[in-house]
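First up is the structure itself, then whatever we jot down about it.
In this document, chain identifiers A, B, C and D correspond to the written order of the chains, with residue numbering beginning at 1 in each.
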């Protein structure tokens, strides 16, 4: 892939928004790769994602032509900022040349971790993974296999605050942009969550809002549901209540015991978590209220 | 289809149950068409469904051979009853020669009703439909088109008890075995429900146990879920809490407004309700605790 | 719904297309409801769908303000046409004030027909249905129930050409825009198809390109597949080969006989055909080569 | 899990088969864990799978009671064999104490291999994996991480026969029962296939029978399908034509290029291949004709 820039916009809806944004990009010579927008007519809100080439190959060009294909991102920012102010836009501009830095947290179950690391190695996840953190040693070999630094931070009732402080230091030291809780079985403190607004992704092993809290597969079994689910979402202060990013379900039957639900659930958890991480690092997600817009 | 008998059994698990039931059927010359069993090892419970021919064509037989193919259901009952007592079996024996009598209830939304009636006409639902009951006139033309007697019983705050009494009289007069609530928007009284244990099927327009109660699509929209669902279940005294028979889901996105959820939900409701009715009248469902075994 | 206009564009990709189209719409005061575009980087092709209000309610406006909200579609056309020429656009502009006129064809199986008519009555399909055509009388009662004129045109080996001529006259007399083959079991002649390019939608009861031709459920059963499918597509001269609009599948098992496949397939056929018709009449489909772009 | 035995039976259908098999098991004191049967009424064929405990815990028993719970498999075999002969049964009897020995083959793509090994390590796949074989070195690190012997057998036009001979020797030396082609891109010779009847499982990256042969994702893209699929099947002499074990599909849209299909397809391939391997080693699959019965 050649380098590209992504602009994410959220603002009050009004006429001419697409015209003005696309007009400016055209004026500055952007070669748009993808553009998508969404209007929420109920809340009068407008959302947009535009991706354009930063250093596109100059089609059929000879000599130094490729020079003129290089897009000046700083110049764009300078022109865009006042327009954004005027239109009350919240916006983020990112370049694929600066991939997100992602920390992976887990406890003793490794299926999501193994899946994320394999996808990362394969190139499906275009991010950096500077550190893996766990309160168990189970993940150590896996971390070593993928050459990712591993930090073992055991946690118990008495050292929770202290351990979290060390976690926060680690994240700061590694300049982490996104924290992925790949079946991490500890509850984060409000202080921790506040530092990473809409930047902590969790996977919960139920179809939220059904079966929040602990042991959702046991609860699903007890209720006798015919489908089980998994949900990836941003972490907020209220447990299992943050903006939902992705959900999926699998059919079960009366033949399935709790262990079967747990096993099938693993495939669901892998899928919904890896998709959420993928979409986040590809800058496809915008939050508003307690919901997400996911541009495809 | 030729006529067949279905035996449904539920009892404490112990060795030799399949051997004894299938042994008796073999001894009496039953031509088994389908047999399925399930053991719940957690609760030590055994479940079985056997279907056999009552008047099977005598393969390659000449002359009066078909006479010997006719199965004596009463004789079987006499032999089976003491064995069932000994093994503490709860059981039901039904003959396809006596199809269930099903009453359909609805209010103003007709998509489930139209779907059930079309399937019934097509032969997918092997039951009798002696009566359609509604608190709205909307269904009248549809009932007439399918030649099913229609009873208009308007309901309001002051006549609820009286109207329910008339409903119960109607059901008794029509010898109704199963009541299907095809988007019937009134809550049945405990007295009504008690008369039809595990014999009232409702469709709820959410993925239970999420979003119980009124306006589930609005609640799903507000929560920002990525899949919506529908659930068919037996009605018990606790609202939206009875044994679940079938569930299904459909993917939605941020582009979908409440109206879109309502519209897509209609297809889900049709599917899960028609499957539940089908399975019930084909005697594929056994309840235990608050759950169902659905033999496929 | 208030009235709206839809513009569908297909053209060679180049920079500034979104800017120019959205710029013109902004300049003319369009209140855009939905806009979506797609670039096929492999073939260098650009596709766009824009929908805007024609007579939007003037929010919070007093007096005659609503007058200024009425969009001048003819004036837009005049300004847009030269731009479209310059950019080598193929385009269609449609107003919801002029719904498509759809003829439904069927043979003896009525499940798709009953489904389409019910959805139409419910308001899901915003079209007119001036005529139902069949070579069987089976659909007559249904047509009468929905108050749609029915034309019985029996077909046999000797009258095929003549009957098709009568069909074409009927379609012309009823100013039909779209022909929907709702399990119509006759093969249309190339001459017929040529008159309705990308305007005849068929449902084939398999997951194309598997199992083309007759008796696909029998073929699927013989091959031992674990999923069966259905496909809606535009009709071209090559049987079962036109641009695919929608496909869906259902899980089957070794327990399912051909009759079970046929029965489950009916639900698939209903879904994929009704979605295709819906998307066509909502002008969401663009064809290119032998494929479709379906804007959601 | 405690140890268990599985009996798989296939024979001409006749009355009393379940009674006789379950009767013998009862007589010999078997504690049946699962039993399932299927009748193909079209071909007059009967299929059965029974699983029973070999060394079950004696519920509530004191002292040496657990001794009597141990099932005598050899004694059962001696009694069962003549019955099986009489009833023309084809049968296999397996004990979980002797897990299948599985060889994994792959080429350069490792997603299926990584998935199978992770599931094996987690305990989902109750087999032994004595050897991994590849014509590429890509898998070497993964094999080492999971401590499985790796054999690098490069293959080219001139050494095909010789390399296959070495493969066969390896499989014989490792007493391999099942060969899994986890995206192995070489075509096996008829001689190889003949040695492992219904014991080579392949994954093909399309919804068979659509898109057989090479580059199925390219073919799916060119045809413009709306769903892509993957299929696991037993290998027979005819390419991509063996009995299908499992299939699954994923929705795609016009936005997806061939690379996107390849990426999404990887998840499908993992799922359908791992399920097939799981079912085979759990002895859930019976073949007849070119089809499979998969007991759930």
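Going forward, a residue touches a chain if its C-beta (ideal position, glycine included) is under 8 Å from a C-beta of that chain, and two chains touch if they have at least 3 such contacts.
Given the structure is predicted, the values throughout are model-derived calculations rather than measurements.
Asks: Looking at B-D and A-B, which pair shares more C-beta contacts?
Replies: Answer to which pair has more contacts is A-B.
Asks: What chain lies farthest away from subunit B once each centre is taken as the mean of the Cα atoms?
Replies: The chain lying farthest from subunit B is A.
Asks: Per the centroid of Cα atoms for each chain, what is the distance between subunit B and subunit D, given in Å?
Replies: 36
Asks: Using CA atom averages as chain centres, what separation in Å is found between subunit A and subunit B?
Replies: 43
Asks: On subunit D, where are the residues touching two or more other chains?
Replies: 41, 253, 255, 296 - these are the residues of subunit D that touch more than one other chain.
Asks: Residue numbers of subunit D touching subunit C in their complex, please.
Replies: 38, 40-42, 207-211, 223-227, 229, 243-249, 253-255, 257, 289-294, 296
Asks: Okay, in this complex, where on subunit D does subunit B touch?
Replies: 15-16, 18-20, 22-23, 25-26, 29-37, 39, 41
Asks: So in the complex, which bits of subunit A are touching subunit D?
Replies: Counting only subunit A, the residues touching subunit D are 110-111, 114-115, 118, 122, 124, 141, 145, 253, 255, 263, 267, 271, 296.
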